[in-house]
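Before any comments, here is the structure.
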Amino acid sequence: MAVIPLNTHDHQPIRLCRSEIVSITEIAWETFVLRLKEPALSQNAHPGQFVEIRVPRCADILWRRPFSIHDADGEAETIDILFHAVGRGTEALKHLQVGDVLDLLGPLGNSFHIDDHLTEAIIVAGGLGIAPFKLFLRKTRQRNVPTTLFYGVGKKEQLCRLDDFQPSAQVRVSSVDGSVGSRGMVTDLLIEHLRTVPDMERKCLFVCGPTPMLRKVQEIAAQFQIKAQVSVETIMACGFGVCVGCAVPMRFPDPGKKEYFLACKEGPVFNMEEIIIHD
Amino acid sequence: MIDMSVKIGPLRLQNPIMTASGTFGYAEEFKDIIPLNQLGAVITKTVTVEPRPGNPPRRIVELNNGMLNSIGLPNVGVEQFIIEKLYFLQSLKTTVIVNVAGKTGDGFVECVRRLEDVDGIAGYELNYSCPNVKEGGLSFSSNAATAAQVTRAVRRVAKRPLIVKLTPNVTSISEIGLACQENGADAVSAINTLVGMAVNVKTRRPKLATITGGYSGPAIKPIALAKVYELVSKLTIPVIAIGGIATVEDVLEFLITGASAVQLGTVNFYDPGASVRIIDELHAYCIQHQLGSLSEIIATLNISR
Amino acid sequence: MIDMSVKIGPLRLQNPIMTASGTFGYAEEFKDIIPLNQLGAVITKTVTVEPRPGNPPRRIVELNNGMLNSIGLPNVGVEQFIIEKLYFLQSLKTTVIVNVAGKTGDGFVECVRRLEDVDGIAGYELNYSCPNVKEGGLSFSSNAATAAQVTRAVRRVAKRPLIVKLTPNVTSISEIGLACQENGADAVSAINTLVGMAVNVKTRRPKLATITGGYSGPAIKPIALAKVYELVSKLTIPVIAIGGIATVEDVLEFLITGASAVQLGTVNFYDPGASVRIIDELHAYCIQHQLGSLSEIIATLNISR
Amino acid sequence: MAVIPLNTHDHQPIRLCRSEIVSITEIAWETFVLRLKEPALSQNAHPGQFVEIRVPRCADILWRRPFSIHDADGEAETIDILFHAVGRGTEALKHLQVGDVLDLLGPLGNSFHIDDHLTEAIIVAGGLGIAPFKLFLRKTRQRNVPTTLFYGVGKKEQLCRLDDFQPSAQVRVSSVDGSVGSRGMVTDLLIEHLRTVPDMERKCLFVCGPTPMLRKVQEIAAQFQIKAQVSVETIMACGFGVCVGCAVPMRFPDPGKKEYFLACKEGPVFNMEEIIIHD
């Protein structure tokens, strides 16, 4: 099985932007869509890329916060960020108002590589791991790549509205408590699906979610001999390759020379077989 | 026209704003973000003779007003540095200083000797905070004798200006600084990071894979300022200030105290526009205070009662 | 009933929360604010043989997440301390430790000797950060030989437990700690303040009258934790942690790392209820984690990869 | 001229209070009255005493902020704080809302000593130095002590409404730019007044304001041989005598023993002749 060459965007300029908030909407439990006026980014963002946002008015929050580009609408000249309020920074972001201006750096990182010859793009998203896939689905639809979305949440309240995904993909939902979709892990649905479909060579998994899920998907991909691209979320101090903090251990290192990828520059999207999934 | 330039021994910088090693990559990472040629100087990430992969994750921890790192000096090695990274640096009009380190004194010498052959480098900064394998992991600048010896050895091979970067994790930074001054350093820079640590109380594990790491950012500024004050009081060579500098006021504090220039570190991660913005603000400050040249404010600290 | 007590050599405290010298007066200042008898121990402001007026203002500077001070150990002198301050301390049920300092080693000895005569004191903490007039103003704990010598001398006159308080402004705090351990200290406490400085850029004057001062508060916690880790790794006597502790999580970080108890300092100024609140929170933590005794978590840091 | 014994309140307990905001009103340029429900304090506060307020939701603002007790209404069970937004802490305070609860420590410090035999209490207030005197005037009125208030501001916009003071005192206002009252320094008005009145022995100055004003009043008091009590505002880390940071140099020190007063405990009110006025 050949390794897929991932997209790099080294020639795409990274810009510091001042982007106005167009809307901010709570779409699930403590989960918000932040829509920003961003003419440049809305045109050239690739699915899987991210931005780094400075949390305003919190002098003691040092680092920017990284968020996937959830969607980009070139006509409306907006980009969307989907975020969950988990800590101090995201808590502050959710209290922002329409008209507030954010200090944003992007676009950052590489993107998912969607091969035109795929017979099926299979998305596996756990929780907020759904974030990069709205933009992703725009692309698969444009290119007529059949797409299936496996989307797992803890409970119903955490589920983002499916209207955003349904027209472009077959959607299967699972929840840990069974309050929506089938009860259990999203990876159970995935296994079930892979058992029934042929032609693994021309299918690919596109994965984003919590570490235990990634580990499980890594096993499954190996077992079914299916390619998998994963977007990883490491801690990041900068997001553009200068702090060298976002190291992801390589599965096949060059010992003493190169043993780690940089998640922010060589990722966040990796061929799953090339990395060691780490906390 | 206000003269914003400063002198650091044999070097003249167009302004005192430098970027600190390890926080600015090899400058290319910033090329779309800021006009690099406006900077006083760029200091590269540490280069060593052999390539280094760096430390395992987790390498960085965010704290209030500061951060910890244990990056482990990953770099491609000096040969590859010259092939891959130097080209872009040579294309810059701003002053380029290469930061070097070694596991032994010879490592420093070898690295500098190799760099002497190539163009486009204005000087070297020696990173003595790298653990000294011969001395059992203590850094080269925690002992005056070792610092003196390495400085002398590098001086012998280096025609270009030599800056020694000092660690604050010592009883007397000026003792080490004096040892460097007496052995041929053209300037010292201070401070490198402070040894720090954080624990995850849920997992009861250190937050960094290496247990302890380097503490940097605004929280260390008061300590850096005291160290710079100690150095400028005792040394005659120029002192370049580093440590928590993030605003134009911070820069002024250090210049007034006697630093000849400053380096911005951690701030480059979260506020990558800071360096050029501060240059503009320094310019505005000079106009507002009717200074003919910025260097007029250097070492103007009034310590009379 | 959860056992919250901890042992510090020969001392047993009802819980590990102590209040740091110079941040809790002589306890009486807190009598209306918190139930003093709930504290693990109270450490008095430094007492010296002769009265001291302290330094001229400005003595304190607020910084982000920290502060600078140059108070200068004002106190009424040991005789007057016994007459004016001890009475209230004796009325407390909590453990009382008197912090002492001297300008010379003899000063420490004389002070402790005088205190040995009076009741109601459970032990002494020696403040070695006081400038040593004989050694030209360097502190007693920046040099292992001096630290050893003073500890030995005080040990000879002190029947009560002896804690040596260490400065972080040294190359190797564990070297100093070991010198104290070998010469009779029952425990060490660390850290005292870090040397820091701030400049008013408008007036171009240092913000403190003494130019540099001591940096304390949450900003120094990562440094304190690294020093405590170094000490617990090298010493066999108990280590009491000090430095930026302000929350129950902070306390847990230090206990997990191996501290036998902690001292709260700067937090007492802005959050005077913190000490007793943290005791309650530690209690709740033990219940939540089903610990029979709090000491079960001490030195449980997991450093395996 | 004998030194006046100042009031101490060593037996008055200092309490940590959680006090609800009843109202917050902008009464002059960037100047606000914060009214707090505070049953205990409202009964026992003495004029000149202060409280230390923790600035809420600003984790990196370390110290509490000291404010004079502007007024205390035992019946309504409220105390008032008059403050000017000058920096980060006061900027945050002005954005608080009715119903917010403040963490407050008090009552702190000593108070002005109002001798019943005074024939005239002469207040000299510069700018926000007016703060302690509303409660002060309640006391002089209760005790029928004739009171004159000299109140200087920079410009008209800074003037707090005089209704609060007028019923209880003769009020004379000055402003630096002449936009209200007489143009010039408040100390000019004071000199003028002292030139015309007799009986300095049974009068007393009560002073609060910026350092240059205090220096000038110190001169005037010496010149006219009139007693003066001054409330000083030093930097304070604690406010209750433990940090020993609020040192005020003594005019008549005991060298090597006691050379400084503590502003928070032995002050903030001092006999003017006993201290050196310091920045």
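The first chain written gets the first letter, and so on, giving A, B, C and D; residue counts start at 1 in each chain.
By our rule, contacts are C-beta pairs under 8 Å (C-beta built on N, C-alpha and C of every residue); 3 or more make two chains touch, one makes a residue touch a chain.
Please read all numbers here as calculations on a predicted model, not as lab measurements.
A.B. asks: Give the chains in contact with both subunit B and subunit D, ordered by label.
C.D. replies: A, C
A.B. asks: For subunit C and subunit D, what's the span in angstrom between their mean Cα positions?
C.D. replies: Each chain reduced to its C-alpha mean, subunit C and subunit D end up 36 Å apart.
A.B. asks: For subunit A versus subunit D, what separation do you get between their C-alpha means, in angstrom?
C.D. replies: Comparing mean C-alpha positions, subunit D is 58 Å from subunit A.
A.B. asks: Mind checking the centre-to-centre distance between subunit A and subunit C? Centres are C-alpha means, answer in whole Å.
C.D. replies: 49
A.B. asks: Going by the contact rule already set, what residues in subunit C reach two or more other chains?
C.D. replies: Correct list: 56, 63-66, 218.
A.B. asks: Name the residues of subunit A that each touch 2 or more other chains.
C.D. replies: Residues 59-60 of subunit A each touch two or more of the other chains.
A.B. asks: Looking at which chains touch which, would you call it a line, ring, star, complete or other?
C.D. replies: Shape = complete; every chain linked to every other.
A.B. asks: Which stretch or stretches of subunit C touch subunit B in the complex?
C.D. replies: 56, 63-66, 68, 142, 169-171, 194-199, 201, 203-206, 209, 211-212, 215, 218-219, 222-223, 225-227, 229, 249, 252-253, 256-257, 297, 300-303, 305
A.B. asks: Where on subunit C is subunit D touching in the complex?
C.D. replies: 22-25, 29-30, 32-33, 45, 50-67, 69, 71, 74, 76-77, 217-218, 266, 268-273
A.B. asks: Within their complex, state which residues of subunit D touch subunit B.
C.D. replies: Answer in residue numbers: 59-60.
A.B. asks: List the residues on subunit B that touch subunit D in their complex, please.
C.D. replies: Residues 64-65.
A.B. asks: Name, in rising order, each residue of subunit A that touches subunit B in their complex.
C.D. replies: On the subunit A side, the touching residues are 13-16, 54, 59-60, 62-64, 105, 234-235, 237-238, 240-249, 253, 255-260, 278-279.
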